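Remarks on the structure that follows.
The letters A, B, C and D name the chains in turn, as written, and every chain counts its residues from 1.
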């Protein structure tokens, strides 16, 4: 299993029946593939729909039905379309149960940076700042390091997406829960040791007596 | 029953230096006829307020390609390397606004509000230069209204009075910008008789729309 | 012609083809009856519709289509329904060309009081404060006096509806335009003298050299 | 597909002292089944946030008649002499809010805004006790969000997921309150299969609705 699949399968276990969920572009999108059949969630796309499904099949494409990346999607029966103000009303108003986002850095206080690298990449925050500020639960799905450099750091060097503490960080090495006390190591990936996780992490980790092995969706 | 004008006539009213709001999200729900005509007419020094600049060759990206845009106010330019190049080269000014904040700022402009308080961006670079206002001890950013000289709206259907509806995710910013500009130009996929869009299905009421633009039709 | 009809007919001349107009309950509602046939205006009702027409005829009543007073109405082809936030977005956002409202008092600065009489009548302001603050043009349609007491006063004793200066006051005696300099007497009703108007008015009126005789709609 | 409950069951969840938002404008668009059941159940000390209190015997007026309301937040009570009587007698507290401000305050509560700036009410008694904030030298009132424990919504149609649409002027505050309460109860004139309300016609998305309430049906 490659690392992205591992991460997506672990995140999938966090989604509950009936949740309204927004998946960021890229890795987070993969999460939708690994939901258990008995877990029905509604996917929101911030460009204005609740009830999106995976990419549209060949021959079923409609130019007016796309995800936030501009890719053609399908919609379930009972989907609802709305404008951008309503879309972010759902996000900011506490109606969104879970957002899964990629990350560039997460720091010791659980704060996420994921929208720019000054001087190198200034794509804009899109909906990320609203999603992190507004969702009931924020899950960061990212690789543990970037070309060997830790992404879980003492203090974000990159501009923050929000000062809000995220709820969970899932990487190919570990599941980490940011708390008021600090970053708590909850799970390690199969075959990975606590020491290996700490070695790949710049921030200090709080290591409880029991650290589970990461479960992943079927 | 006076609202339909030709695209060329619509664009002729837009001067160089105009502030435009343009509907669309990654090109979906962008009025391509109006954008193409702006490019043909070579309108310069435009300020564009929109969710994004799509990609080169697509939607608002065509205005970027043609170097007609002096300033962009958007939530995202990451899918358009040419916008980023122009920004870094100092050719185009870019103001990045969180998407939900952009939607509320445009709405505030159209709804006569002096601003809105949002938690989004508190403690980030987005807060720089803005007032922070506490409500019950919780900090919010005061975000100010946006308005434009022209709104370029893409609709699914428009009736001859100017009532509009929209299709799925092509709705996005369109109903918001239709309230927030001095002149509202709407490009509809279909222009239909008055009454065909039932009152409950109208998303943008006719009274805010100045003109529907007709597709160029060639005869003979 | 009774005084309400006279007022309504004079106000009708202020509406222009294509205007979006909100008529308050009571006297202002009468204005719709006296529009010239070539003047097509759209009437907004703040409970959520553009394109309302007069009261519904017997047998054409629908319980879900009413004016702001709760009376059954009809709608023109091309009417649009919307929620209360959009309705007041139209009002506050400068999309409403004209509002015609009743008044309890108008003062020398052109400020209107029309929503409460402390200790006697506290109906609430409903949409009046938004209408006066937001409409492009505010026309007050009211009787000149109340049981002999002037309603156009030096300073409103009743709580203000808005500090915004209204654009025109039409009574059965006169048409008065509030300006930065004060209240300008523009027209007197047929058979009424300037002196009679001033006698029925507590506020000082600016009387130009030429004061026209009030025109009224056919 | 779990959303339909009986009206009695819905009302059983509402405790004495609850804060309710109730849709409707002079009774039009008010969920009468839920209101009647509240009266039957004799829920007391309610706070009601609504546009108005209609008339005695009509809509929200029935809650007033039965003296179940401790506090009213509304834009207008002038059509209900009983509300005025209770207010003057000190039996019911009344907070009057300009109608457009009430709409924005409810919307802000549902949309996660910390407040909005409105020109409405500046310099009037409505401004008392509120912060005035200047933007470019123009004064605005800071108006704060409203939320409720329960929203009682009247819809035209509801599907079995909870998607709602509305009829004409019965829409009014309903879509706004549906976003602004912890528990949203919707009374629909017709309950329809999922998919019957097309995505573009849905006004309130199912995800904010907790339960549709069924009309009481008597068999045999």
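Heads up, the rule we're going with is that a contact is a pair of C-beta atoms (placed from the backbone, for glycine too) under 8 Å apart; a residue touches a chain by one contact, two chains touch by 3 or more.
Bear in mind the structure is a predicted one, so any value in this text is a computation, not a measurement.
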Interface with more contacting C-beta pairs, comparing C-D to B-C: C-D
Furthest chain, CA centroid comparison against chain A: C
Separation of mean Cα positions, chain D and chain C [Å, integer]: 29
Cα-centroid distance, chain A relative to chain D, in whole angstrom: 35
Whole-Å separation of chain centres (CA-atom averages), chain A against chain C: 55
Numbers and ranges of chain A residues touching at least 2 other chains: 49, 75, 81-82, 85, 88, 91-92, 134
Chain D, residues touching no fewer than two other chains: 104, 107, 111-113, 118-119, 156, 166-168, 171, 199-200
Which pairs of chains touch, using the document's own definition: A-B, A-D, B-C, B-D, C-D
In the complex, chain D residues that touch chain C: 25-29, 51-52, 54-55, 74-79, 84, 87, 94, 96, 98-104, 106-107, 118-126, 156, 166-176, 203
Touching residues (chain side chain B, partner chain C) in the complex: 107, 109-113, 159, 161, 163, 179-180, 194-195, 199-200, 202, 205-208
Residue ranges of chain A in contact with chain D within the complex: 20, 42, 44, 49-51, 75, 77-82, 85, 88-95, 134
Residues on chain A engaged by chain B in the complex (per definition of touch): 45-49, 62-70, 75, 81-85, 87-88, 91-92, 121-130, 133-134, 159-163
Residues on chain B engaged by chain D in the complex (per definition of touch): 104, 108, 111-119, 133, 135, 138, 140, 142, 144, 156, 165-168, 171, 199-201
